[in-house]
Structure formats: structure tokens, C-alpha cells
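See the structures that follow.
Presented sequentially are two complexes of subunit A, the first with subunit B as partner and the second with subunit C.
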Partner chain A sequence: MRAGPSQEEIRRQNLGALLRQVHVHGAVSRAELTNALGLNRSTIGALTADLAAAGLVREELPKETGRAGRPSLVVRAESERIFVYALLIGVDRLVAARIGLGGEILDRRERQRGRGEFVASDVITPLAEFVNEMHRKAPEESTCVGTGVAVAGIVRREDGLVRLGPMIGWVNEPLGTALHEVLAMDAPTYVGNDADLGALAEHIRGAGTDSDNIIYLSGDVGIGGGIIAGGRPVAGHGGYGGEVGHMVVNPNGKPCICGARGCWMTEVGEHALLAAADRQGIGREGILAVVDAANRGDALAQAAVRDVGDWLGFGVANLVNIFNPETVIFGGTLRDLYLAGAAQVRSRLNRNGLPACREHVRLRTPGLGDDSSLIGAAELAFQRLLADPLDVGAPATQPAESTV
Partner chain B sequence: MTATPILEMRGIDKSFGPVQVLRQVDFTANAGEVTALVGDNGAGKSTLVKCVGGIYPIDSGDYLFDGKPVTVHSPRDASSLGVEIVYQDLALCENLDIVQNMFLGRERTRGIVLDEPTMEKMASETLDRLSVRTVKSIRQLVASLSGGQRQTVAIAKAVLWNSKVVILDEPTAALGVAQTAQVLELVRQLADNGLAVVLISHNMNDVFAVADQIACLYLGRMAAQVKATDVTYSQVVELITAGRSGDLGLQAAAVAAAGNGNGSHDAGVTDLGDMNGAQ
Partner chain C sequence: MRAGPSQEEIRRQNLGALLRQVHVHGAVSRAELTNALGLNRSTIGALTADLAAAGLVREELPKETGRAGRPSLVVRAESERIFVYALLIGVDRLVAARIGLGGEILDRRERQRGRGEFVASDVITPLAEFVNEMHRKAPEESTCVGTGVAVAGIVRREDGLVRLGPMIGWVNEPLGTALHEVLAMDAPTYVGNDADLGALAEHIRGAGTDSDNIIYLSGDVGIGGGIIAGGRPVAGHGGYGGEVGHMVVNPNGKPCICGARGCWMTEVGEHALLAAADRQGIGREGILAVVDAANRGDALAQAAVRDVGDWLGFGVANLVNIFNPETVIFGGTLRDLYLAGAAQVRSRLNRNGLPACREHVRLRTPGLGDDSSLIGAAELAFQRLLADPLDVGAPATQPAESTV
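Moving on, here comes the complex of A and B:
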């Protein structure tokens, strides 16, 4: 039998838990920390002092409590000093942001790009430019503790190799390593699937904060899924799981780019809606134009919205039966499809979902709007710091070996 | 679900002269939930809401708030309980800015002057709490706002006063697609913040997009109040248009009685075409 954790391990664990609390919930008083972590006051005081010495948090007097007695100090994350870069490679946009500890977006750059396939260097160069621009504007005494990248593709967890990015035409693209070289930073670079990261962000800060079983669906041209079960991300053996868009719902359906027939994304994606409504268009504008036409009485558009809503419901019902989630979140363009076709989605779910599995399921749109995956990328980059704050937080005293 | 409903109406009757508009209507709204109130034109939705809001006195029945019986004689009684209604016309003044509108008639004062900083702070805190990102400045005139933004201001005005129940009358009726989506998210946000929200709507998509419960009125009777996780679109349409759907809703005798009793309403044909078109 293994001996219990050492005191040092427990201390690191507690430091991480405290920093996570401040990171997620914003400024927290020492008294609230005592309650939330179940540690006694003096332990909280010592842990806070350690984190403050490492420059991760600072303590302030609260503005006014309106109550008698000495006010408990408020612990606040050093958002300006400790930050990460979050990058998003979407089907039609590139976003880069500098996000401080505590989740505040300090700076951001965005560029639309045309649809279609492209080589990795086409995105690495502009993203690196964005990062360098923001880096020059960042205060001198601030520290970058990592870079997180969200990409619409199947990503190998260890090294950020994009195994397959069907919508952008990538096969085995070493995105993580390439970006890390170009950015030339000590801090590590992590790459994740955009839907997985969307689920992570919505769980921490968005529409899923009060549930531990979440399915986040992200829609653009294809459909991705991020699944959190029992509070933990479900990504499978290699991290490739959650490809709900390739769940076959209609074996006699249209051919999918993956080679199969009748995948979910062929029935509910943007192309399916536009084709059914016999319209041209692209992205959110294209979808909204169809919904608008349906509201104004265009019969073809109404039928298209109804059909797509029904198919959306089929897939959601399957997922609800398998995972019994509390919250299903419709992100990206699925937000607009869900809101336009909710009657069909709900009806199909209520017909096909098992009563026990569906009775408490909530259907929601993202609490973080279009930024879920971007913020998820930041959370991915913060994970190492939150796991072991002192090891990462004080790079001045902990030289290069702290990079993974 | 076992918790006491924040608002409960039991066996409400209401007549205008010889016309009985509400018959033995039961209706509940729970905190943290959106309860959709649906029904055909003339089914009694507005009357029920006006009874809740204290505009019409009820003839008989019980009005329970947070489990306790209360009497509501005027809109002032209702708002002191924490019931606010946002009407379709929104009742905003175009020549005033957002803060002035939100505090209209209930301005904060310090001494004899208006306490502008506090009002501004409260207004922007309320908008933040609702995650409203669409309004640039709270000192903008309402005349310069879009339909969706106006709806947002009207809703924010209703929740500013620590309200517990907010009733929204057709909040998306006059809006475009993108703004409808924003208002629906706002409605959901209100309930997720812990309010009881009552949503009157003719649009089944809006109802299914945000509602936890659906209450269907049929010719002055409550056909059924059901959980949104238990019914389908076509069942709700049947409840609205026929008062029953399978085991749900009024039984045959009651449906006939409702049809005969409501003299002012032509019970024969209900506008099913419109319901389908609403999506």
C-alpha cells in the first residue's frame, strides 16, 4: 500500500485549489475561501501569502461590506500580470486573444478568412503576428504561462498533432509543434478540439456552471461535440472522441466527406439547411436568411427549418439517451438553428428520448456567445498553472526546466 | 419541482358582464423556470395576466404568492409583491434615455435632487447581470434603439426592482430573427438567475426554445399545464385548438361546456394555419 500524500503534495494541491477558486469566481474574500475549500482560516492565510509572493494573487480591502467588524480581505487574481494566449482556428475566422488569470480578455485580434482548404502556415503566420503585436503591448512585468489553441479538427493530446481537420483539409498536421516554434516562447503550447474546449469553457464560466454532465455541440460547416461527464471531459483513448457529427442518423442519407453516408452533419449542417431551402449563402448570415424567410411565410424555407430541426432532435435524443446530460448547449451556428427550430428539436427529443434520460435535460445556448472555444483554449493553457501554481507562476526563480 | 410555486392561481373565475372569460383557471409559476402561457386569440391569456397584475379584480378563486394567500387590488399591490409585467407596447418614453426610462416614476433622490450616479450604477449593474452586450451606452435615448434593444430595456426595467415574477407579453412578436434570438436568450437568463418568468407567446418555437412548463388556455379554461420535457409540438397545438390531446387536457364534456359557455367566442374554427405559420 502506498503511503499517504506528503505534506508538500497536500500543500501544492491546496494552492492549486485556492488559485482555481479565485480564477473561476473572481475576487473572493478569505472568509468565502475558508467555506469553499473547507480549510481553516490560518491555512488560507498561509496559502494566500504563498500565492501573493509568487505574484499570482493580491489581497485588497473590500470596498464596503455594510456590516460591522473587521472586513475579511478580498483575494484577487493578478489578471494583468499573469496571462495566456488563446488562439482559435475556425472554419471562417482566426482569433487571437491575451487572456488574464481570472478569465478577463485583455486584448484581442480577429480576422475573417475565406472558406476552403489551406495549408497550416497560412494560419500560423497571421496568428503569430497577432501574438507578437499583443506581446509588444503587454506590460513588461507580465508573464505568459502558456498558449492554448482551439482548432476544428481531431487533435492528438500529447503534442497537438491535428490528425484530421476535414473542413480545412488537414491530415496529420503538427500544429502544436509548429506554432510553438514560431511563437518562440518558454511557456508550452497546447492544442485542443474546438468543441471540447467549448464544453470546458461553458462548464467553467458559461451556461453549464451548475451541471457536471454537459454536451456542447458546435456547428459551423460540420458539427463537433464536447462531452463532460461527471465533471470530467470525455475524450477517449487518444483524445479523439466526441465526433458526434459523424454519428450516422440516416443510413440512406447524403454522402459525408468522411466517406460514410447519412452522418448527422449531413442532415443538420449549414449546407443541409441551405440546400433544403434552395438558397445560396454562407455561415450565420446564410442561416438567418433562411430563418427570416421562414418567418415571413416562405413555405420552402419553413419546411427546411422544420426538417433540420427534426434531424437536430434525432441526434440530440441519441446523445441524451447515451449520456443522460443535464445540459445540452448549442454553439456556433447551431445556436441559430436551435432557436429557429426549437419546437421540432424538443418534440423529437421528447418522442425519442427515454423519459428517465430526458426528464431533467436543459437545452441552452452558450453563455459565452461565440467565444466559448476561445475561452476554452485559455482555460486549457491555464491548466498547468492551476495544477501546480508555484512551479509555473514564478519563472524568475524557476528557470527553463519548468517548460514541459 | 416539489418547492412551493412562487405564484399560484387557484380556481380563478372572471366575468365581464354576461361573458365569463375565465372559468376555474389554475395556474402556477415556479422560481427559476420559464412558464409559457399559450392559447388562441380570446382564450383568456391577457385577462389572466391582468388578473395577476392587479389590473382586473378576480371574481372568485385564490391568489397565492409564495404559498401565502394575498389580495391584489391594484397594479401597485402586484408590484409591491414583486410581480412586473412587460406589455407588448413596452411603455417606454422615446425622448428619455435608458436610465431615465428604467427609473421612470420611481426615481431615486438624494435630498431634493435626483441621485443620478446611483441610478446609473443600478441600471448598468442590472444590464450586466442580464449579460446584455448589445447596448452601447446607458445614456442613449430610447428613440435611437432597435426593437430588440427596446425589449431588453423594458425587461431590465422590470427586473430592476428585485422582482420575483416577470410576465412578458409577446416579447418577440415585432422582432427580426437575430433580435428574437437575443431576447429569447435574455428570457432564459432571467429564469436561470432565479426569477419566475411567464412568457405569453403565439410562436411555438419561442415557447419550446425557452419554456420549462407550458400552460395551455382553451376558451377560458386551463386545458393543461405540462412540462416541456413531456409534450410534443403537435400535442400543444391540439391543446390550444381543441382543449385536449389524448389523455391530456379537458375531458370531452368539459370541452363541450367550454365551447357553449363562452358566448362571445366562435368556438368552431381555430386558426391552426396560423400556428403552423408561426414557426
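Moving on, here comes the complex of A and C:
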């Protein structure tokens, strides 16, 4: 247990708490801030003034009040002035977005990713082009405070090295440093696992805002997992935790690319579903075609969805017993698979999950649709600003050009 | 993110941090405290004086310094004056101890637990007798600040209801309230899962003091798990997390008492080992007899240990992929099983664990021997005092008699 903070640390913490409140909840009145933060009105006023002077928030009249009398001012994030770049490197797609403080997507670009793009440089060039395009369109008086990258791989926290990205064919790709060099920004570049960032985003502004214990599962070719326990991400020693796709659920199952046999992702992933449905196809489209056929009454596809749904339930039940979460969220292709096989998932969860562990579990689809990981990348990039607003927010008058 | 603390909260936090330092690390000098807590000497002096006035610590000359010159005073916990009762309800035994601030076991009682003791009242009477015996021997000027109970079951945090204790045959036993009533103490009674408390104790003063991510596994008839992630216990929504024994590792495996099939505990527990070794026997002694036979060269026992060691490795690899821990600790009968089958455990971990997740994992036996859960129960009981020392510590002058 560490000692209590200094006055300086408390001020920083208060500034961060206020800015986070505005960032997450949108325009809020001083009265709401007083309430949410448990600070008195004069402290809220002083903190707001400091953040406004740094160009991070502004006070204005609310859009409409619907009440008589003089409306009170609301504090609003300077979303157009303070932004991050969020990048997503998925199995099938590349996405880049400019996202303002407050979480608004101000601009975005997307293209398919070829499965042959086996080194980081294959995606760095197109992503950098996206960023440059968006940057040219950004308002002159705006500032980029960071870049966040979500990638379908195992990421070393300190430098953004992708140690293993089996789904995208990467091994030890120095994504973070290479991207940072190409983007040539002053603001730092952060890289995270896509499922970890999906969990973060769903916790902050998605289907898990009412939960402190969340399991976010992201399906693609395999299964990624991001876990929030007691309100905080489960990262592990090197940040490599959450590799639920390589939990062995069937020791006599199919060989996995990791070398083991019967990993959860081999029983639930693309190949398992396509094989069970006796279909060709690949990736997201292949999976969705099977789900679609099942929804239209194709018996073989239905059997495949049921079978895979049962295996999905096996892993979910294991995780529920381990984490006793309030919320399990099925993202990516698992969203469609879950919706088609919900009865099997729930049935297996009821059989294998301990009553105490599963009784309050809600199974959900993402509140942020297909953008959970992208929004999570933005949240990752905003973390430094929210931890120490005035230190990071200081160069608010710096024109956008100088930051890229 | 909450706002920064008030002056009053900071003082409480500092008092708690200082007292925790003394509680965990034993006698420490003011200089060491200044260093560890990052507070200046005068603040440390004032905090120490407050804690001493409340009868929680005292300052004295160190036992021996080995150095010339005037030795500086050390701050030491008032272990004889401030204590808790720690109780353990295991599958095969009942233990009660009086444990002083600082973690010293001042007194203890133990007896075997009959497997027919299927309701809480069967153990409450003998445990209360133990406590009363110890209490009569406690110094008159000493104060009990709480009672902690470790039980092999799924425990509801708020009132200590044991929802399910399959290994001890309990269902919905109101252990916490019943025990509190019988003990008739002013100080509160807290109940926790034995493996959760084992993890807590090993983290604070056992084999996991150098780790922030710990998986503590406790074998008895089944397997219990306690998990520390990012330095904090993984509790889950209702405090029921960590039920790793009911992670299904073999869908075609043996039926488990929970209703599922192939739970980890069915593949690794007492029955699996005894069946594989083709032996009669029961409980801890039955398991240890097989391990002992294997160590003495019995081929069938060796095969059984290897087989069960492999299954042990399956579950460990799953947990390592999920948590990326620094330390996995094998407690209870798993300690002996792990020591006998370490090669199989490690081999399976190497095959099923992702390199990034397992590369820094140390497999260990408990630093606290068979007392991890008992010490953890004491730590649970001390938590309130350490969170707010002066509030709890105030009745330090109250004689022991009035607290039971």
C-alpha cells in the first residue's frame, strides 16, 4: 500500500477525473460534476478554468434545456481541437480514424487487408497514407495527442512489438516503433491487442458500462479475449494475458497453429465452422455465409452453428467460473455466431457454469458494433492526456501541421 | 476515475500505509519508512506517534545492530496487544489460531474434521471452543480486532454464507452469521474461500511477494484457485471468481459433482489419482500414499502421478494463457503432486502455453506451507484495521474479556 498522494498529485488526479468525466459522458453541468466527483463547486470551477485555459474543454450554453429560467452552463470537451488517431489492423481489414476528445469519430478510412500481408510494413504504408489524408483535412488549430493501434496479435506493451500475430501471419514485428517513425509525430504511439482494447472500449462506452467484471470475446479467424476484473484490465506480467483462444477445451480436438490441440479457437473458429458446415469460404465472409444459411433454414449449416455454439458455450462457462463476470460480450464474427447459436451457448453455460458464478451473467453483443477495438485504440491513446491533462494538453495552441 | 482524496482521507491512507508496512515487514526504522512510503521524516514521526498512542505500534531499540554508534529506533507492531482469530475449515481438518498484528501465530489449535460433518453447526461448536480456550489465555490488555474464516466453499462476501461447499458437503450454510453469534464478539467476522485467502497470504508474505500476478492452486479432494492480477485479487461480481477446479479440460472426462463432465478437479483430484493408481484410500492421506509409493518406485503409482501431472499441466497452461502470471503456487495436496509430477506439469505447460504468456512463469510451492489459507484468514480480518487504523484501533485499552 502506498502512501497518500501529494497536493500536486491530487490536483493532477482531480483534473484528470474531471476531464475523464467530460470525455466519457459528454457535456455535463458544473452541478453534475460536483456530484460525480464529490468536490465542492469552487474546486470544480477552478479545475474547469484550468482545463479551459489549456484548450481541453469549453463552457457553453446547453443545446436546449426544455426548462424555464436561465440555463446553467455545461462543460464540453474540445473535440475538434484535441484528437487522437486510432488504427485497427484486423485479419480482414485496416481502419484508421481521427477521434476527438469525447470519443467522436471525426474522420475515418477503411480498406480490406490482404491475407498475404505478412509483415508490418505491408500495413504501415497504407495506414500512414490514411493518417496523412485525414491530417490534411484536420482543422489548423487542432492537436493530435497520441496514436493508438489495435492489432490482432500478442503485443509487448513497452514498445509495441507484435510478438505473435498468428491470424495475420506476424512474428516479432516492431509495429509500434516502425509506425511511430513513419508517422513522424511528436505525440506517442501506443499499440495494444485488439480484444484487450475492445474490452476497454466496451467498458468505457459500450455494452459494459454498468459492469466491473467483463469478458469481451472477439472472433475473427480465431478468438481473442479482453478481460476487465474489478474495473481494471487483466494484463498479466508482460501484458500478454487474455489469450483465451488458446485455452484447451478439447484435448482430443483439432491441432491449433500454436502447437497444442483442441484450443478453444480451433473448436469455434472459422475452420471449425466451415468444416462442420461442409463449405468452402474464408474469413469473416465465410463465417457469415454459414450463419446466414443457418438462419435461412439450411439443415447442415444449422447443425454446424449448433455444434460450434456448444463449443462456444464450453469456453464461456470456463471463463464465467474463473471470473464470475456480470457481462460477456461477443464481438466480431462471434457476434453473429452467438446470435445464431445463443440457445446452445446458454444451455452449455447453464450445464457447466456454477450457479453462483453464472447467476448474474448477461450475454451481450457489443455496444460499439464493429468499432470496439478501434474506439479502444483511441481510448488507449487518450490515457496519457487523462492521467495528466495539463502536461499533455499544454501545446494546445500548436498547429496540427507540426505534430505529423 | 474518482476525484482526489480529502486531507482526512490522505491521513487515513498514510496511517494505513505505515501500519501495513510494519505489519508486513516487521520492525522497521523511521528511515526505512520514510523511504518506503515516500513521506518526509516529520510526517512519518507524526503518523508513528498517532499509531503508538492508539496502542498499535511501539518504538524501541532494535534487538541488535552489529554497528557502532547510537542505534536508531525501530517501529514495531504491538503483536501481543492487537490480534485476530483465524479459522480454517478444510476438508480434513479444523484449525484455529490467534494471530498478532505483524502476522505472528501466538496460539493455535487443530483437530481432524470428520467427513460426515455436513452442516455448519458441526464445526462451529469445536471452533468456538478453540477460540474460547485461546481467549482465556490471551493477555488481559489485548484486543481482538476481527475474526477471519477460510472455508473450502463458495462464499457470499457480504454475510459469509457458504453457498456451496461440495468438498465438505455444505449447501447454503450461514457460516458467517452463525459463527459471529456464537463467538459473541464486538469485532466483525469475515469469511472467505480458502484458496482466495491462500493467494492473499502468499502474495503478502509467502512465495508470491515478488509477483503481482499469481495463481494459487489449492488441492484437497478437489482444486480451489485464488488469483491475484495486477496486485489485486480477482473476485468477480459476487466474490465467486477463481473456481478454476470447474474449468472443463476434458469434455469426455469423468462426471463432476457439479453436474458437468471433465472438470479439472475430476481429472486431477483425489478420485482420479486413486483410480489411476488402482488404490483404495481417501482424502489427503490417500493422495499422499500414492505420491509416496511413486517416490519409492511403485510403477503403477508412478504412472498415475505422471497421468495426473499431465492433466495438472493442462489446467495450468490454460490459466497461464489467460493470466500471464509470474508465479503459480501449488498448495495443499497439489504441492506433493506437483513435486512428484513436475516434469509432466512443465512439459504440458511448455506444449500448451504460449511462449509470451509462460516465459517468465515460476512454478512454486507455498512459502507458508500448509498455513497459507489460515494466514490469509488473518489477513482478511486485519484488512479493516489497516484501512483505517485509528477508527478500529481506538478501543486498544479495552480488556480482552469484553470482546468475546
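Miscellaneous remarks
One rule holds for everything that comes next: the second predicted complex is superposed on the first by the 373 of 404 C-alpha atoms of A that agree within 3 Å, B and C clash if a C-alpha of one lies under 4 Å from a C-alpha of the other, contacts with A are read in each partner's own complex, and residues count from 1 in each chain.
By our rule, a residue touches a chain if its C-beta (ideal position, glycine included) is under 8 Å from a C-beta of that chain, and two chains touch if they have at least 3 such contacts.
It should be emphasised that the depicted structure is a prediction, and the values quoted were computed from it without experimental measurement.
Contact with subunit B, but none with subunit C, is seen for A:Val291 once the two complexes are overlaid on the shared chain. Residue contacts after overlaying the shared chain place A:Ala303 against neither subunit B nor subunit C.
Of the two partner chains, subunit B is the only one touched by A:Arg346; subunit C is not. Shared-chain residue A:Phe314: touches subunit C; no touch with subunit B. Applying the stated contact rule after C-alpha superposition, one finds that A:Leu61 touches neither subunit B nor subunit C.
Using the contact criterion defined above for the overlaid structures, shared-chain residue A:Tyr338 touches subunit B, although it does not reach subunit C. With both structures placed on the common chain, the touch criterion links A:Gly367 to subunit B but leaves subunit C unconnected. With both structures placed on the common chain, the touch criterion links A:Glu326 to subunit C but leaves subunit B unconnected. Of the two partner chains placed around the shared chain by superposition, neither subunit B nor subunit C is touched by A:Val119. For subunit A, the partner touching the most residues, choosing from subunit B and subunit C, is C. In the three-chain superposition model, subunit A touches both subunit B and subunit C at residues 351, 355, 359-360. Remark: subunit A residues 207, 288, 291-292, 294-295, 297, 302, 305-306, 335-336, 338-347, 350-351, 355, 358-361, 363-365, 367, 369 touch subunit B in the complex.
Across the complex, subunit C meets subunit A through its residues 1-5, 9-11, 13-14, 16-18, 20-21, 37-39, 154, 156, 163-164, 211-213, 225, 227, 229-230, 232-244, 246-252, 258-260, 314, 317-319, 321-326, 351-352, 354-357, 359-360, 386. Remark: subunit B residues 131, 133, 176-178, 180-181, 184-185, 188, 192, 204-210, 227-234, 277, 279 touch subunit A in the complex.
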